[in-house]
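Below, each structure is written out as structure tokens.
Consider the two complexes below, in which chain A is the common component and chain B and chain C are the respective partners.
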Partner chain A sequence: MFEARLVSCAVFKKVLEAIKELLNEASFDCSESGIQLQAMDISHVSLVSLMLKSNGFDKYRCDRNITMGMNLASMSKIFKCANNDDTVTIKAQDDADIVTFMFESKKQEKISDYEMKLMNLDQEHLGIPETDFSCVIKMPSAEFARICRDLSQFGESLVISCTKEGVRFSTNGDIGNANIKIAQTSNFDKEEESVTIDLQEPVTLTFACQYLNHFTKATPLSPQVQLSMSDNVPLVVEYVIPDLGHIRYYLAPKIEEDEN
Partner chain B sequence: MTLNGVKSPPTPHRITLCTENQEDKPKVKVEVKNFQKPTIAPKARRKLNNNRLHILEEPLAGNNHKLTDYFPVRRSVRKTKTTVLEEKQRCLEKALRNNVEDGLKICYFEDKGRGVVAEKPFSKGEFVVEYSGDLIDIPEAKKREEMYAMDQNTGCYMYYFKHNNQQYCIDATPESDRLGRLVNHSRNGNLQTRTISVDGKPRLVLIAKENIQIGEEILYDYGDRSKESLKHHPWLAN
Partner chain C sequence: MSVEIYYNKPHNDLFQTSHFKKDIQKVKRILFGPVDHEETQRFVTQELERELTHHSERWNFDFKHERPLSPNGAYEWKPATPVKLAKPLKRRPSSEMEFDNHDLYCLPDQICKPKPRKAVEDDEQTPPKINHKMQSLITDFMQMKKNATPSKKSLNPRPSKIPRLSNQGKS
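And then the complex of A and B:
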């Protein structure tokens, strides 16, 4: 028997918004430690790794580890039927082929049940090694989303270069080029508005804008985003989901022209 | 259109059907194509519903590295070391909360009185039993010890330990149905003590130091080497 209950359905809705553009379907691995999801997009260029810890739920029970393959478009249809302040309970029997989502309205006067067929997904799991990154940038998530959106108008790829002076995002395309430079700022009153750079050595990497734009769909989950970069390893874009877990996106760099 | 497949001489009427069919042909072709590649079929269909996914697939053209170039594909569902450790910890906490004392029995020994014997095998590193009693601080422990010292018949059940740099004592002097207090001393026993926080409170657990067979007495080192104690309890030297 698996049962997980969240008093606010809003955060789950946001999580779905954050992954459903990259993934058509995904396996939710439920264990005593929580709900985990790891999946690559179709192109195998990016990967989503989601962790919702069991102690972040208002009620959590998982007698046996189960993997639930779900179609994310269907799941998001179901969650569209729920209000943000509804309580959501996700239920499944061991070895079940359906999952039940139950939404209870705040005053308990309305209870809706949705049953969804589960899918058998044969997904590849990647072993992600722990890495000491050359630079770790923390910045307001809305700012990062804005930069990605703005610069993606000019070119397909975004160059992120991090030095001790700051981070530079740049792109160039047919109309010309664009540059945005962000310097470190500390804002003690509002920590979520500060930009911090933890730099071991300078790094410059190029990424495809469109993936970054998909990642920034997670912006409503967290006021801050963390970008971790090292030469020759995928970029990690992490959003912490307060009290519940995190969502991490991994993105392989673009092939440099001289590599071909 | 179904008539099209029927083998009969063409008639003017049939010819019109044929042209109609030709108009339809491109549509049919697309479908056929989909069936040829069953693996892409569901994606292709979804593409029609969702434009954004369509964009995603286009620049696959190979100007991007793939994640599989960097991260190995795990064929088995092995757990990482940290998840294994976490699970172990959670298991232990659960055992402590439920006061689990399975696979053990009390035995009477001629020379030293009661002791605890394994009724099931324990493997190295496995949780065996908790040393349970009242968790008290040092001043309280001093007070109780003075009280107990007045009665020659009370045994020594005070366990002093350090957890997160703070001294604590577990007093298991009062008789209880818990087994931890009955485990005897040996300088080379088959258990070792460990402290662990459960719900914010330190608990003292006895963990198997080696594989323990059925029928073996479980023992651990009380750790007390002071002259005073040795004088009163010479068995501490064993």
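And then the complex of A and C:
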């Protein structure tokens, strides 16, 4: 038997919003440690890795490890039926082919149940190698979303170049160039608004804007975003979900054609 | 130039209006002053001449006299229609000559078809590649492992049986 309960389903709604544009369906691996999800987008350019720790839930029980393949569009429909302050309970029997979402309103006067058919998905898990990143940038997530949105108007590729002076986001398109430079901030009173750069060596990488814009759908989950880069490895965009876990997006860089 | 209007049916009504019709009948058509016919003729022949020499040089063919210009020019010309013999052929029952005129025609593969010359702009018009970078895949960097479910092993990395070295030492 699997049962997980969150007092506010707002977080779960946000998590769904953050992944449903990239993924059509996904397997939620439930274990003692929590709910994990790892899936590639359909073009195999990006990877989503979600971790919701069991101790972040208000009630969590998982007798046996189960994998629940779910259609995210359907799941999103179900969660649209819930209010943000409703309590959500996710339930499934061992070896079940359905999952139940139960929403309870705050005053307990309304209880809704939604049963959803599970899917048998071909699981393709990737081994994520441990990487010592050349640079790790922490910045306000809203700022990052804004930069991605603004620059994607000009070109389809975004160049992120990180030096000790700061981070430069630039794009090149038919109408011209666009550049946004961000320097490290020295204001420590508001950690959420600060920009910190942990630099081992300068890195410049090119990424497809389209995917970055999908990643920034996770912005409501966290005030800060962490970008980790190294030469010729995927970019990691991480949003920490307070008290519950994290969502990490991996994005393969665009590389020179002759390098294969 | 002038235009005269004739009416084949004399009509009284029409003749009544003849007093002002006279003014309309003559319409001046020279809008740009008097024409120098000699000058026009000279200009046209000069232009034609120039075209002719230009094309003659281009195709290595004297269009005026209908013969190739020089034997080692860019094009070698052969007649596409049989050369008319001065003496008309008469039907002779045993004459091979009548039918043996294939050498007067050029063979199909000998007909030279001028290739359209490539415009200079075409060569220069190589579109500048803005996006020369290629999207790599996430699977290029990470290896696939099938059916990896979060196992309890990874949660408890310790083996269940730990060899007790201290006990061994005691006993």
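Things worth noting here:
One rule holds in what follows: the second predicted complex is superposed on the first by the 256 of 260 C-alpha atoms of A that agree within 3 Å, B and C clash if a C-alpha of one lies under 4 Å from a C-alpha of the other, contacts with A are read in each partner's own complex, and residues count from 1 in each chain.
Everything that follows uses one rule, which is that contacts are C-beta pairs under 8 Å (C-beta built on N, C-alpha and C of every residue); 3 or more make two chains touch, one makes a residue touch a chain.
Note that this is a predicted model, so its numbers are computed, not measured.
In this superposed model built on chain A, chain B and chain C take up the same space, so to speak, and clash. By the touch criterion defined above, A:47 reaches both chain B and chain C. When the two structures are aligned on the shared chain, A:172 is found in touch with chain C, with no touch to chain B. In the overlay built on the shared chain, the residue A:109 is in contact with neither chain B nor chain C. Using the contact criterion defined above for the overlaid structures, shared-chain residue A:234 touches chain B and also reaches chain C. After overlaying the two complexes on the shared chain, residue contacts for A:132 are found with neither chain B nor chain C.
Judged by the touch definition given at the top, the superposed model places A:156 against both chain B and chain C. In the superposition on chain A, contact is made by A:123 with chain C only, not with chain B. Of the two partner chains placed by the overlay, chain B and chain C both lie in contact with A:254. For chain B, the stretch among 78-86, 96-104, 168-176 or 222-230 that collides with chain C in the superposed model is 78-86.
When the two complexes are laid over each other on chain A, chain A has residues 32-33, 40, 43-47, 124-129, 156, 208, 233-234, 250-255 in contact with both chain B and chain C. Against chain A, in their complex, chain B makes its touches with residues 42-43, 46, 49-50, 52-53, 55-57, 59-60, 62-74, 77, 83, 86-87, 90.
The touching residues of chain A, counted against chain B in their complex, run 21-22, 24, 32-33, 40-47, 73, 124-129, 156, 208, 210, 214, 233-234, 250-255. By the touch rule above, chain A contacts chain C in their complex via residues 29, 31-33, 36, 40, 43-47, 65, 67, 123-129, 155-157, 172-174, 206, 208, 233-234, 250-257. Of all residues in chain C, only 130-152, 155 touch chain A in the complex they form.
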